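Chain lettering (A, B, C and D) follows the sequence in which the chains are written, and residue indices restart at 1 in each chain.
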Amino acid sequence: MSDHPVLRYVSAGAWSLVEPLFSQRAKDLLIKLIDFMEIDVLPSEKLFHAQIPTHPPEARWASIPPILETLRDKAKKLGLWNLWLSGGDFQGMAGGQGGGLSNLEYAVMAEIMGHSAILAPQATNCSAPDTGNMEVLARYGTSEQKEKYLVPLLKGEIRSSFSMTEYGVASSDATNLRNTTALPSSSGKTLSVKGHKWWITGAGDPRNVIHIVLAVTDPKNPSPHKRHSLVLVDPRAKDVKIVRPLTVFGYDDAPEGHCEVVYDGVEVDVDGGVVGGKAGLGRGFEIIQARLGPGRLHHCMRSIGIASRALDILLQRVSDPNRKTFGKYLKEHGTVLADIAHSRAEIDAARLLVLAAARRIDIGGAKGAMQDIGIAKFTVPSMALKVIDRAMQVHGAEGVSEDTPLAYYYASLRTLRYADGPDEVHIQQIGKNELKRVERLRSRIERIKKESDKLLNEHGKVKARL
Amino acid sequence: MSDHPVLRYVSAGAWSLVEPLFSQRAKDLLIKLIDFMEIDVLPSEKLFHAQIPTHPPEARWASIPPILETLRDKAKKLGLWNLWLSGGDFQGMAGGQGGGLSNLEYAVMAEIMGHSAILAPQATNCSAPDTGNMEVLARYGTSEQKEKYLVPLLKGEIRSSFSMTEYGVASSDATNLRNTTALPSSSGKTLSVKGHKWWITGAGDPRNVIHIVLAVTDPKNPSPHKRHSLVLVDPRAKDVKIVRPLTVFGYDDAPEGHCEVVYDGVEVDVDGGVVGGKAGLGRGFEIIQARLGPGRLHHCMRSIGIASRALDILLQRVSDPNRKTFGKYLKEHGTVLADIAHSRAEIDAARLLVLAAARRIDIGGAKGAMQDIGIAKFTVPSMALKVIDRAMQVHGAEGVSEDTPLAYYYASLRTLRYADGPDEVHIQQIGKNELKRVERLRSRIERIKKESDKLLNEHGKVKARL
Amino acid sequence: MSDHPVLRYVSAGAWSLVEPLFSQRAKDLLIKLIDFMEIDVLPSEKLFHAQIPTHPPEARWASIPPILETLRDKAKKLGLWNLWLSGGDFQGMAGGQGGGLSNLEYAVMAEIMGHSAILAPQATNCSAPDTGNMEVLARYGTSEQKEKYLVPLLKGEIRSSFSMTEYGVASSDATNLRNTTALPSSSGKTLSVKGHKWWITGAGDPRNVIHIVLAVTDPKNPSPHKRHSLVLVDPRAKDVKIVRPLTVFGYDDAPEGHCEVVYDGVEVDVDGGVVGGKAGLGRGFEIIQARLGPGRLHHCMRSIGIASRALDILLQRVSDPNRKTFGKYLKEHGTVLADIAHSRAEIDAARLLVLAAARRIDIGGAKGAMQDIGIAKFTVPSMALKVIDRAMQVHGAEGVSEDTPLAYYYASLRTLRYADGPDEVHIQQIGKNELKRVERLRSRIERIKKESDKLLNEHGKVKARL
Amino acid sequence: MSDHPVLRYVSAGAWSLVEPLFSQRAKDLLIKLIDFMEIDVLPSEKLFHAQIPTHPPEARWASIPPILETLRDKAKKLGLWNLWLSGGDFQGMAGGQGGGLSNLEYAVMAEIMGHSAILAPQATNCSAPDTGNMEVLARYGTSEQKEKYLVPLLKGEIRSSFSMTEYGVASSDATNLRNTTALPSSSGKTLSVKGHKWWITGAGDPRNVIHIVLAVTDPKNPSPHKRHSLVLVDPRAKDVKIVRPLTVFGYDDAPEGHCEVVYDGVEVDVDGGVVGGKAGLGRGFEIIQARLGPGRLHHCMRSIGIASRALDILLQRVSDPNRKTFGKYLKEHGTVLADIAHSRAEIDAARLLVLAAARRIDIGGAKGAMQDIGIAKFTVPSMALKVIDRAMQVHGAEGVSEDTPLAYYYASLRTLRYADGPDEVHIQQIGKNELKRVERLRSRIERIKKESDKLLNEHGKVKARL
């Protein structure tokens, strides 16, 4: 195994399994990405935060820290742009020169980007919800929609939101999303979008010019899965009200934010304003299903990186020669060593789950990988939270303050335990999937039992009961 | 991905990662092994147990169930013999035609053998402690020792024990093993082996003709790691006393057993009786180190298989249409589904850790894989115990009885949490290994911090504190 | 707080809360019990086990170790007999001079008896299932039944079984128990008991002369809770077949055992053979409900004692000066200290739960204490298993062998996670109970919210959303 | 047991144990407190938050929400003022009419106050760090110091800080606190206080007029525990710099705050400026030890209340008829019921630990209760965090936002895992305490073993090994 710089980030065991599946180009790109992270992205973190005004509140949402643009320019030059783009639907499209990577290759890169989870994905145009929105537009958009929204998104000129969760509604069961409608307006020529959504990520961003809104367009369709469409709404329209940025713990995530939004009768026309035009009517559910698989895994990939960075921070703290307590360096306490070892093992195991799921997508598509993605989805955030919590604890009070990124990481990852479906939904789903094995299992076991009984008879032994 | 029967046993995610690293021969062998398991081994389990007398006690240790010999003959014919043998040290040796598999390939096979953890390893001559003993003899034995012990072991004609743990001594720190000696007898021509050992696996087996005993031969050597040698003792000698089989949660594991053994002045000659002859004197510690790495992983591989079988048993039970409680099938209870999902995820993650460690051995040898092996060593048995415990719980009382194999599995796997070093030792070791990263980490972080400060200065921002 | 010897066993915190609720008599009895434990019971444990033959199998069930009788005689003389007996139903009855203790007082004594969980309860006639059976007979038996069975049970002359769990039936939902019947025989004068039960504790005991069998006597009763009666069956009758003792892990618990039993048409007459005679017909469910409450708590009390003893054993082991590993005594390892501290805290917390539940029975009866008993029921065994597991782990292999009592304790306590209802049933029940609070909670919260809104209005503040 | 309104807050089991230890006055006060909470405090929470300006930043620290003063006035009138005050050191002092409650009685009240953890303790003058500071001044202050600071604190006219944690220093080992000094100034008449502290709770409060600062006054004293004194510093002095409020998970806790503070050569005179005057020199460590015990327990009491409120919030959410997912109300999901049951059990167990510790203080003083306090200290916050986390999870995204108090609770309680000593320190300490039992344990066990061996001999049985 070559001494690839990736070994600074990824366990030798994992790399030994996946290296043979990496193209030479991907290995080279990985080196470039690591350099970009260490030379450009990580050193820019503090400046990025310093460039966001602390007050007045409205100033926090008015502009984007200039350092981010600097990083984005550099990423483009380095060919580290749209790495998540595997080609396929985007081929030949202006701005569509992405990574062309396999999901497995991208998984390793996304993990490394997770070491600077706020900056790196944005710097490389690999951040949610834009990536998922670009997939939706590429696969289902009309050519005008692609021209108007997909191309500038690919170029990183605009940003977008995905507007799904409804205020006051148990949205983890998507069939509950019934209160946002896009019904024919009185004129009959347009649809009038009315609804109250929240947790609309990126809706605070000044660059945001498009919300993809899940709305009921056919309320009487007998199938509850055919009533919705995805509607394109310009957030600058007068009937869109950004009510407030919601906070996560005490963080407002300016300038992107997770906002509460009211659509108060915004007019959109069917051809331009429904994803896929008239043909897209009623296909809302179908499209969001397709959108979620790889997106869930992208979150997991980055989360592994966040957990790894938390462990790095922990390691440095417990090795700090100024941090002696009760006659020992922190790293000499047996319980600290145990925390480190468990964190190491848990990160390594979770990464392998994510890599296996990514590989499964490469082989069988997102649909074939649902079991592996689901397992990663409910395993990774909890794991990462444990690691971060241990890192906080060795820091004492400093660990929960703004002087380390740990509390912010914790808050961010805590949201992943319900985003794109709460853990419980995925857990129940995996449990049910697993039960599908029973039929074949039982017939195998019965065959074995029959043979076993035959053998016992032949040898004059009492037949066992069970 | 082909629809290989291995997918009945191994998650699609794991297989998708390792399949490209499997030779065609290994894939074919895997099919053969699965057939052998389902057609021969699994149906023979009950007969095997029925062929062990229940009393008088001495009868339990007097003979080997005939069905085992039947299985061994078949395994030889099928080429499923000595699968663990990778070639190397054994090439050209009588009986030395083993699997010639990579550790990764063998890992998958060993897991599948774990589905019948008592029978399958013995049936294929892949069981501990013989495999480790064969490695010791192949690498360090004299040619006579190879002829006398290694060849019959490879052929499966005899069995062996590894005699290390001392009675009344904290043996997890091997430097504590000071009470068993092999010092020159009065004649000066032989060594007299004296010591009190216990937990000597296989010492109850009637086929056992050789104990490899760790004993002090050079008590005054200044290095505590050069005082020991491995001494070959025939357990049938008059000065060897098999005191008793020890029980594990009430099980005596007849006819193999884990015995307490007293060596009461057994005479061995230096050339024939010390592994490696005169040249082997003082090399006891060096040799056992080399012995442990892959052996630890073999245990992990099989444990994954045991956990998988426990989950299979759980799935069948909760799907049993006769097991309705409070108006629901067991499988309809949300907590049962959660147990299943967590078991699935934990098994899948643990398997990937084991596969990664096996791959690391293939690339860098056991030494290069110590970190990955260590992580697997302390992760897998605890994981498997959790899965088995859940399986027991859904069975109620039946789960702890002899009517399912679960309690026996639990007892067996519980021993792995200290065998070959207790979890705690491995955990502390991994913690320490991880701390070795700090030096490089710190220099990287300092470089990043310097860059960050420079950027802040350039942009007129207050230098952040940390 | 006096320096009562109970402080060797019970935390000062717990004692400080309950001492004011102890009568002087109970405090004195407690001292006597502790002396009896330390002078008589604990030193007899090894002899008790040594007096049970190891083979042939039938010998293990043929007699009771004589030392037990010695202890029982002494306990009677010391007034430590039938301590569980609170008076009430037993007053004035031959042999009915019990402890007359409150449940709280008995709870502390039962915990201390748990330090020798096999011997002490039997030595003091406080062991299951006899105690529960005596309660049943005292409350519901006819005067003849009391004379014939209750009096000798109170005197400790005979033993009894409670025969409920059915073979092949999900018995945790008692309404599933439909396959054992006691229907009129052809003669019409007797009932013929037919059924297949298992896990009948004490059915192997040579002193056992009575099984209280739950059987369907009125299969067509519209209420599924009125179909059963408790039938008294003499296990020496020819139509009773003790099929086998079941093992728990590898232990057969001779000479008491947990047996599989077939009742193959045993004739009993209605007046003598149904608990309560004719009036008892159809009251089986009512009676077993009454039986279970305090019995569940007795198990919890003893389990606290078992966990405490395991911790004592752990403390001794880690303080053993011969057990130095890697240059440290075991007790110097930080993770060992953490294990000790967590065990201490968990035992102390669990004990308080049990004491609170016992006090609740004293105040409001078993029915009023169901919530507290239920919480103890699912909390205590899991806690104790964790403590025992830690104790095993510091012993290495010895911890799972017959050389410490730990593995046996583990096996015994593992059964409590499903005995008298699996954890899951109690957990769901407590969850549902807790939800009953919602109605009152909601009205309180709504009143508070209304006041809050009023205040906000008065002060010209925007009304909060939630 | 009377149907006391406390049963809305405290489990019946706990109340049944402690009710007999409550005076009638305490029971009556408890009713008053509950009314005050439900009628006044809880409805004022939203207004309190609404009365804190959101910006500019400096405005957040400029004033105290007027509603708080309203509540404080009412509490005084109701006699719910200084409930924590047990009499003793405060008797006869102006403003010193406190609760006169036992610690056990106060524990229950503090838990109930925890249901509004921000407002209720302040409203009743029972909040940290003032309570601990008042104890310090009452016990160790000179009469002038009492007049100047203690009396207004008791009356609630001023607030105070305790300034201990040093910036950049591992403060969990208090002997590390060496960088803040109060050494004779050049004039020789005063001490000059120099140091850099942080996490100074309440230092942002506009009412704060006194910091009690731990500083080295005798750096050369051979005993590291006699080098420090507690120095009284007026935060309005020109050489005191409040650097910044630190955030906890993004919350600044205005207007109290946890601040970074630099003392840049503040002059204090020895008589007035050192707690206890000249006689107090060198007694810093002695005094802070005395301060910590009950204070730690007060935090635990309130934390039980916070956890209980989180469970109440969870119960309401899962019972919300609008929150149906996948055809079920949240409360019908088995895993939700399990979460509820575990939360109920964990809160109940933790409360009992706290009550036992409080009772121990009543009987043996804080020193005698160190073991019980320590166990509560490391058990309660982790427990409460688990309960809050479950409550967050059933709320989805809303649970981490400002629309429920849960994320804020989580952040607050997370700090308790290191405040007043990190969990690890307490865990190690309890482990070591427990080991002190070994000596007596061993002699008891040896006596038992001797008796056991004697019995075995007498009965001709082989002496057991261990």
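Here is the rule we go by: a contact is a pair of C-beta atoms (placed from the backbone, for glycine too) under 8 Å apart; a residue touches a chain by one contact, two chains touch by 3 or more.
A quick map from chain label to UniProt name: A, B, C, D = Acyl-CoA dehydrogenase.
All values reported here derive from a predicted model rather than from experimental measurement.
Note on connectivity: the fewest chain-to-chain touch steps from chain A (Acyl-CoA dehydrogenase) to chain D (Acyl-CoA dehydrogenase) number 1.
Comparing the centres of all chains, each the average of its CA atoms, the largest separation from chain A (Acyl-CoA dehydrogenase) belongs to C. Centroids of chain A (Acyl-CoA dehydrogenase) and chain C (Acyl-CoA dehydrogenase) (each the mean of its C-alpha atoms) stand 50 Å apart. Chain A (Acyl-CoA dehydrogenase) and chain B (Acyl-CoA dehydrogenase) have Cα centroids separated by 39 Å. Residues of chain D (Acyl-CoA dehydrogenase) in contact with at least two other chains: 333-336, 338, 403, 424, 427-428. Every residue of chain A (Acyl-CoA dehydrogenase) that touches chain C (Acyl-CoA dehydrogenase) in the complex is listed here, in rising order: 333-336, 338. Those residues of chain B (Acyl-CoA dehydrogenase) whose C-beta lies close enough to touch chain A (Acyl-CoA dehydrogenase) in the complex are 1, 8, 11-14, 16-18, 20-21, 38-39, 42-47, 50-51, 67, 311-312, 315-316, 318-319, 331, 334, 336-342, 344-345, 348-350, 352-353, 355-357, 359-360, 362-364, 368-369, 371-372, 375, 378-379, 403-404, 424, 426-432, 434-435, 437-438, 440-442, 444-445, 447-449, 451-452, 454-456, 459, 461-462, 464-466.
Only residues 54-57, 165, 168-173, 176, 198-199, 246-252, 258, 322-326, 330, 333, 335, 392-393, 396-397, 399-403, 407-408, 410-411, 414-415, 417-419, 422-425, 427-428 of chain B (Acyl-CoA dehydrogenase) touch chain C (Acyl-CoA dehydrogenase) when the two sit together in their complex.
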